[in-house]
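Chain IDs A, B and C follow the sequence of writing; residue 1 opens each chain.
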Amino acid sequence: MDANPSRRRRDDDAGLGSSPWREALRTLRHDRTAMAGAIILLLLIGAAVAAPLLTPYHPEKPLDIVALKNLPPSLAHPFGTDQHSRDVWSRMIYGARVTLAVAFLSVLVAVTVGTAYGAIAGYVGGLTDALLMRVVDACLAIPRVLLLIAIATLWQAYSVTGMVLILGLTGWFGVSRLVRTLVVSAREDDFVAAARALGARDSRVLVHHILPRVIGPVLVAATFAVGNVIVVEAGLSYLGMGVKVPAPSWGSVFQEGMGVFTSSIWASSFASAALVVTVLAVNLVADGLRRALNARQLPAR
Amino acid sequence: MRRFLARRLTHGAAVVLIAASLAFVLVHIAPGDPFSTLNNDQLDPRVVEAWRTAYGIDRPLPQQFYSFFRQLAVGNLGLSVSYGRPVSEVLARALPNTLLLMGVALLVSFTAGIAIGAWQAMHRDSVGDRVTGTTSLVIGSLPEFWLGLVLMVVFAEKLHWLPAGGMVDPLHNMLSTGGRIVDRIRHIVLPALTLGLLGTAAIARYQRAALLDVLPQDFIRTARAKGIAERWVVYRHGLRNALVPTIVLAGLSLPTLLGGAVFVETLYAWNGMGSLAAAAFFSRDYYLVLGAVLVGSVMVVVGGILTDVLHAVVDPRVRAR
Amino acid sequence: MHPTTRSTLAALLIFSAACDGGSSEAANDRTEGGTLVVGIQTDIGPLIPPLIRQVDQKLVADQIFEPLAWVGDEGRVDGGFRPAVADSWEWERDSTALVVRMNPGARWHDGKPVRASDVRFTFGLYTDPQVGSVESQALSRIDSVTARDSLTPVFWFGKRYPEQLYDAVARMLVLPEHALASAPRATLQTADFGVKPFGSGRFRVVTWDPKANTQLVADTTHYRGRAKLDRIVFSFTPDPNALVTRLSAGELDVADIISSEHFRTLSTRPDLKAQLLPALDYAFIQFNLRDPKQPNRPHPVFGEPAMRRALTIGLDRDRLVRSQFDSLARVALGPMTHAQALADTMIAPIQHDSAGAARLLDSLGWRLPQGKAIRERAGQPLRFSIIVPNVSRNRMGMVVRVQDAFKQIGVDMQVDALEPNTFIGRLGKRDFDVAFSGNRAEVSLAGLRPYWSVQGADDPTGRNFSSYRNPKFDAHLDSALSAGGMTDARAHASQAFATIVADAPAIWVYEARSATVMHKRIRPAHMVPGAWWIGMSDWTIPAAERIDRDNAGITLTSK
């Protein structure tokens, strides 16, 4: 929306060369809200990586289970202590590792599976397309919570890998629908038809001509999904299906905080705040990405 | 139109069948069965076996699968083991509650979202626009179980304005007709607010973006030059077209509202499909899970078709296709 | 003063104050009326007494139905019962026959009279294997029930045992034969009676909606006089935080509180008061004495009694329990609770001794290598996993504390939080190293047999998941169950408990207290340990303290 119209006309075709990407990047860099979001995200990731430096206590160590449990925030414990007298600040920083890792990786899984599935469906078309998409519709018709409960019950040990797979394999449906739509419309494109008429192999057409068109919207969708999955992870932990006890994640800090909500709102409130800040940052970046990519004048949405 | 409907209905039927089959597989491969938790009591295992036979769950899976769909064809959803009642009866009590909650929540999201989005569009790029945008985003990204509890503690416990959960007052049957209506309204406010606020942010954002797309600057400038209030222009031309993505968004949120509002329903003791399906899964009440998924997916499909029809009605470009 | 003693004293003071207040108040103020709103956390579903498995179902059933006699306030099983359907009873034939005289005025809520044939029918239903009642095991010691005349059922026993009277008059809720005779036995819960229950109790059902509000109203024509309260409403509140909020907001009048955090929050409310009573629930960490991979061989780690003893004394159970529960639980002494009549509460608890535990572990070959935190033996670390049901908040909280406490003595315990169905499944298949189990103690010690007897160990479908085998324990238990009187029974029971505690097939972790929080205007009565609700029909609300909803009145609405 802010892009220079004359610059727009110079980009006669998406998919040839990297100048449209550089355009998008430049737009993004100048987008102040998106940059703010990106900085917040980087700070969070940095804090997670530098966890040992930032935390005075071990996240799983109870300090004094009788005297020091459920303390309100203080200088010694900026986020207070939980019902096991563990320092909540330390748990949140270490928990960021798990939560952010799970969020990014599960979205990666979801996007990979969804893109592949949607691309195949959209490209092949016909009855296969119809059938594949009906399966996706069916999966979308079942609420995600129920799917998560059902799949999490089969898995008994909730390692980070397990959570990534559980969340990723229940989150790819929307992406596949998006990709399929994009692929279907790209398929009609003159350029693609020409390439196929010239005898290019299907895989080459897919990768070289269609996929670049898909990456933009998928990237935007994926970024939004990261924020969404963080909240879903909190919900999973709330149901008791989160990371293995006593490992911290934002979701497990949340769950323990909800258990003492009526007497001390601190833990769950700090977890909420962290969640909100992260989701906000992610959404700002995603919005910025969308604006930047829209400026490249994509084909009919 | 007829061909469109026919095609959508076939698609819908396929979706429902696939969803039901998927649910069947998932609930059966989960370890245990409706009676496995009973092993903890002083029960003769042979008695438990007899129960398994009585409810037909000791048969091989393909046979159970086939018989489920066969009785479905005659409209029989089977028996719920945990309630001892026909599944249709159990669902019939929960479905209206879900529809009511969903309807009011959508109403909240819509009205708040459209109003906020329109206001933001009219005051684009101002401080108010950014602050509102951020605030609605903050509220929209809060986990619903936390938001719900905060609302409950604030409005029910601290302020005593509204009841803390439940669908009706414990002494609802002693109230007059007017009193009963007021009672129901009072009880639906908090859960609908919790669910509705979460969707408001998304709708507001869509509204704002859509309005900004649809109302080019010159349109507004012309209106201003002519002396017509901007608001009038926004309402008349903008909203009608901007309604489209909002409708689409509402369609997308149907599965969540219809069967995924587990946290809100449990927190507010709202007997809805979401908490029913989750509890049924935990107790391996096979037929109840299947019934809930079936009904839920039928509603999602119907909702999707209605959304598309509405979409076509509102947007003539769609009709031309 | 020691903190535990202080809090126990406080609890007792609250309890006695409430009792005193109740009796003098009741003597002065006999006005009837009031509405009690009870918060329940589970869906009571179809209510058919032989099929009851949840505490909340008992809570409601005990208001609608009646047994022949209620358990007395001291919770004794050999006497002190309060007449309900039965007026009196006497023993014949050297205590192998119990002749019960029913009140001729006893009526069902549909007006028909309650007869001995109903009692005989009830016994038949409770003991029918197709019905699968949890009471059937205990009731199997009653040979038969006959009707000497229309108001005199007779219970016939094979031989005498201590809880005879309890089993006969207090265990079963009398059911109307004319309503249930034609119900299918194997699928009894599908009977319409389940959603339209009626009994002979002092309250009758007005609205039946287990997922919302189930409302009962006092039966004004009841043969023992009407209940003091006008109405009781059971309000379904599945979320524990919502339960606390509703109690604080005054929407609920009484609820059972499980979490010590919630209890603490509620004790700060000026208009609420609490009653702490011994309860029947206890939790224990049970070891699998057999190797889960090769069931004929003992467990490589827990097969050795010294190992189990080392782990037991390595835990400061008192501190752990206090940390989790404050005053809502105490350390369990064995597979029993203080609310059980035959429990041996004088048994010496195993003392915490971390130095002793370290010595024991060293002597068993589990040593701490240089610079490492986990003990090793022959290169293998002392690492095992414990399975816990993830729905039990208290056990989940305790397991984290135990895990850390074990870490202090060099033991690495991994936690596997499982969904209840999966948890029970693994228990049943003996596929575990250690399990954090919970039990509801039975009034009779017969409940111990399936869990700890040799027979239960040998039977793969049995409930002796630990595979604990000690014939001496079985012998003591059998003697206790067939003793002549309570004194004899207690002596044998003591020996049984001493045996099993010494063998340590489990670490007995905690014994819950029931914490009933109620509005201060309520005057409870007959609060029996393990069944605080049993005398609800005698609870009162003094007229001077009534609030709006207490004046709803007794007239039934048309709906």
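Operating definition for what follows: a contact is a pair of C-beta atoms (placed from the backbone, for glycine too) under 8 Å apart; a residue touches a chain by one contact, two chains touch by 3 or more.
Note that the structure is a prediction, hence the values are computed from the model and not measured.
Asks: Please work out which of A-C and A-B is bridged by more C-beta pairs in contact, and write that pair.
Replies: A-B
Asks: Taking each chain's centre as the mean of its C-alpha atoms, which one ends up farthest from the centre of chain A?
Replies: Taking each chain's C-alpha mean as its centre, the farthest from chain A is C.
Asks: Please compute the C-alpha centroid of chain B, do the same for chain C, then give the distance between them in whole Å.
Replies: One centre to the other, that is 39 Å.
Asks: Find the geometric centre of each of chain A and chain C from their Cα atoms only, then give the gap between the two centres in Å, rounded to an integer.
Replies: 46
Asks: Calculate how many whole Å lie between the centre of chain A and the centre of chain B, each centre taken as the average of the chain's C-alpha atoms.
Replies: It comes to 23 Å between the two C-alpha centres.
Asks: Touching two or more other chains, which residues of chain A qualify?
Replies: Correct list: 153, 258, 261-262.
Asks: Pull out every residue in chain B that's touching 2 or more other chains.
Replies: 30-31, 149, 153, 282
Asks: Multi-chain contacts only, two chains or more: what residues does chain C have there?
Replies: Expected reply: 241, 245, 248, 419, 421-422.
Asks: Inside the complex, what are the residues of chain A that reach chain B?
Replies: 1, 33, 130, 134-135, 137-147, 149-151, 153-154, 227, 231, 234-235, 238, 254, 258, 261-262, 268, 272, 275-276, 279-280, 283
Asks: Using the touch rule from the top, collect the residues of chain B that touch chain C in their complex.
Replies: Interface residues on chain B, with respect to chain C: 30-32, 36-48, 50-51, 54-55, 79, 82-85, 93, 149, 152-153, 156-157, 160, 163-174, 266-269, 271, 275, 279, 282-284.
Asks: Show me the residue ranges of chain A that touch chain C in the complex, using the header's touch definition.
Replies: Chain A residues touching chain C: 60-62, 65-66, 69-70, 83-84, 153, 156-157, 240-241, 244-246, 258-263.
Asks: Under the touch definition given earlier, write down the residues of chain C that touch chain B in their complex.
Replies: 35, 37, 43, 45-46, 53, 129-130, 132, 134, 136-138, 186-187, 189-191, 194-195, 206-207, 211-213, 215, 231, 233, 235-239, 241-242, 245-246, 248-249, 251, 419-422, 424-425, 427-428, 447, 450, 461, 463, 549, 552, 557, 559
Asks: Could you pull out which chain B residues touch chain A in their complex?
Replies: 11, 14-16, 18-19, 22-23, 26-27, 29-31, 130, 134, 137-138, 141-143, 145-146, 149, 153, 212, 255-256, 258-260, 262-263, 274, 277-278, 281-282, 293, 296-297, 300-301
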